[in-house]
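My structure is below; once you've seen it, I'll send some questions.
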Amino acid sequence: MHVMTDFYIIIQQLVNGLILGSFYSLVALGYSMVYGIIKLLNFAHGDIYMVGAFVGFGALGLFGSVLGIGWLGITAALVISMVLVGFLGIVIHRVAYQPLLNKNAPRMSLLITAVGVSFTLFNAVMVMTSGEYKAFTTSLSYDGISVGPLNITYTQIIMVVATAVLMLGLYWFINRTMYGKAMRAIALDQDACRLMGINVTKTISLTFFVGSALAAAAGVMAGVYYGSIHFYMGFIIGLKAFTAAVIGGIGSIPGAMLGGLILGLLETAGTQLPFVGSAWKDVFTFGILILLLVTKPTGILGKSEIERM
Amino acid sequence: MPILEVKKLTLRFGGLTAVNNLSFDMDENSIVSLIGPNGAGKTSAFNCLTGFYKGSEGDILFQGQSIFRQKPYKITKLGMARTFQNLRLFKDMTVLENVMSGMHSRTSAGVLGAVLRLPSQRQEEKKIRQVSEECLDFVGILDKQDRLARNLAYGDQRRVEWARALATHPKLILLDEPAAGLNHDEKDQLVDLIRRIQKDLGITVLLIEHDMGLVMKVSEKIVVIDYGQKIAEGSSEEVKNNPKVIEAYLGKEDEE
Amino acid sequence: MVNSVGFKDRVTETIKGKKTRVLFLSLLVIIVALLPLGVNNYIEEVMTNTFFYIILALGLNIVIGYAGLVDLGYAAFFAVGAYTTGILMRYGLNFWLTIPIAVIFCVIAGIIIGGPTLRLRSDYLAIVTLGFGEITRITARNLKVTGGASGLVGIQRPTIFGHKLYQITDFYYTFFILVILAIIVSLRIYHSRLGRAWQYIREDEDAAEAMGIDPVKTKLYAYMIGAAFGGVAGAFFAVKMTAISPETFAFTQSAMILLAVILGGMGKIPGAILGAVFLVFFPEIFREIGQMRMLLFGILLVIIMVFRPQGLWPERKS
């Protein structure tokens, strides 16, 4: 009997880890895509996720009366948030990063600009929300599949499926469309792409759009799942998603997906460990990050590059 | 004992073998040139010697001590200095400051010395300045010491590179295409300079160069490589008449 | 841009020549030293706060300005310094004796964070330093010895030559002296073998290494010295405030110090001072904007990077 209970706990934690990992993966993708194409660590990416949650929250409030606050309303809010935040990504790229890219500015300047963007976004939301938690109210139930003490809600299942659909869509987009090919080409050699007539700036903007839209989707889903949102929610997840991207190999899209899931599972497992617990779980994650950066900075699926002079 | 012994050095990048089983050695206080057609692997070999690339196989002995896969700064500290093919000056610093960088590995003042301005530190600073000025004088641009490196003419920027390498007090200096971009007069001065480095300073010189006239004029020994492999070695006369060398540079006759 | 050139000319003209500059600086020091005689407590408080940020900005300037390394968790060092002093004084140690210990702890923290990560590319370093800053804050929150979420309270005031430092004027002068020391230390290190090594590495790391400079060791020194500045500032902060809590050392704090350095101009001592002055005075002058000020800081950071990445203080002429 005791063994069975342990088993259920493990399964339950596995599900929790999978959900957490899905959010990490979606955010990590944006990090990895932007890094892959312009070698910028888009520091503001976590805040884009946060803005996505708030836009979704606003959209649900606006259309909830018509569409209801069930799955229909949530899906509408998700799509609206993805599109709007995707455009926000483009605006950020054009206003803050592209001028520096044009000037061939040092990487440090780009990085600091990204810190500035992050600061701007989270303070803007803080001012607008007076720094309060907002309850992300939905009419979703806790119904689900129950086996013994184990309970997996339909919401959880739909979240994982939705993440999988978004990722498959992205995979198709990157590998099968002209835009995706242009992105991959630019990541390899920008100048050559320019000579071949690819509009580099536009393609980078598109990358920002896609990355930001995915983060927004994660933000809305996290809001729905946890039931409350806060201006500071992007900060820690930004760090975690970056960790996930590094685990998988930064610049690699399957790597970001895999890294997110691994981190989600590791973290839920970590909270079960003695001496770690929930108070220390962030320390645990950063510990993993630092360990990984020192031992295998290219990550699991990243390619090692030989630097040539 | 030779000052430098390269033993079966091999360097691979993925599937590409840039340097293949290369062996040669250099006598103390000699001038040796490493030549070969474009893309023959000269610079790759050079970067293995100076630690900027980690060789895949083989060994490199400097004064009998292995420096294979060592870090560049350690190799410099042991007494092997290099210049860069495409100038790598500290552009926003003065000429003198550039040359002072060479003295870094020969001095030791630390944080405390600097903060407290200890007499030993002040003494050392004076010495760094003095040696750097001597090096600038040796290459003939002492009068430009206070100019920013980026504002110098190309030929003078080359001289800063040489002075900077000399300031590390090397026993062996590796010059990577020092004549590139120089005009006729400057090349003559370079020949003179290389000889003075050998005679006056007692430093061994390894030269990578495209300008055959210059190579033939100064080298005591020439090592020719093609496709990463050594194809000839000897005096300028021997190399000049070696059919393999002629083939590498001009191509086989029946190919045309 | 036209305006900035005009500004540059004016500034260089005013402080042209060593003599005028020495005169100008002495005058400035005298004015600042005599200021407490003529102003109220509020101004003194604001000035003391400014001095405090100048010390931190000068410390971070060594890391990012001199050595060109990103550090998004600088507040962690300041936290280590403050907590070390706070805890040791609770165990009865004399304040002045806690300072060297605080510095040593900070230097060790600098080595722990820099040692394994300095080989990495700069953007990885940004995340690691940020993570380290968070780890420090979370650790302070969770440990008993650091007082948990509420932090340490009732830290004793220090005495010097039998005089107890407790009035704002006392701290005004204490921090003023620290600022002067910080400037002297910064200047001397900058114009030394180590300072030049940082510049060489910043300009061209490969070339610097070819000159026999060990890049990892040299960068590590920047972290250690920057950390030591943070440690001293933290120790004095603890006794001035008499209470410290983990949230004082959150990311926002690190970002503010970073802003001070960037705003004035990385690598420039007057720049770091100007940045710190702006950072403290701006919200004091525009009190009514309240929460908006952080938002404005964020926007400002982006604007500076896009339009004037070299910062407000004019470039040294050659």
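As written, the chain order gives the labels A, B and C, with residue 1 at the start of each chain.
Simple rule for what comes next: contacts are C-beta pairs under 8 Å (C-beta built on N, C-alpha and C of every residue); 3 or more make two chains touch, one makes a residue touch a chain.
Just so you know, these numbers come straight off a predicted model, no measurement behind them.
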item: Farthest chain (mean CA position) relative to chain B; value: A
item: Contact pairs, highest-scoring chain pair; value: A-C
item: Centre-most chain [mean C-alpha coordinates]; value: C
item: CA centroid of chain B to CA centroid of chain C, Å; value: 42
item: Whole-Å separation of chain centres (CA-atom averages), chain A against chain B; value: 49
item: CA centroid of chain A to CA centroid of chain C, Å; value: 33
item: Residues of chain C whose C-beta touches two or more other chains; value: 206
item: Sequence positions of chain B contacting 2 or more other chains; value: 52
item: Multi-chain contact sites of chain A, meaning residues that touch two or more partners; value: 309
item: Chain B-touching residues of chain C, taken from the complex the two chains share; value: 184-185, 188-189, 191-197, 199-200, 203-204, 206-215, 221, 225, 318
item: Complex contacts: residues of chain B adjacent to chain C; value: 50, 52, 71-73, 76-77, 81-82, 84, 88-94, 97, 100-102, 104-107, 109-111, 113-115, 117, 121, 124-125, 128, 148, 151, 164, 168
item: Contact footprint of chain C on chain A as seen in their complex; value: 35, 39-41, 43, 95-96, 99-100, 105, 107-113, 115-121, 123-124, 126-127, 131, 235-236, 239, 242-243, 246, 279-280, 282-283, 286-287, 289-290, 293-294, 297, 309
item: Complex contact set, residues of chain C against chain A; value: 64, 68, 70, 72, 116-117, 120, 122-124, 126-128, 130-132, 134-135, 138-139, 141-142, 206, 251, 255, 258, 262, 291-292, 294-295, 297-302, 304-306, 309
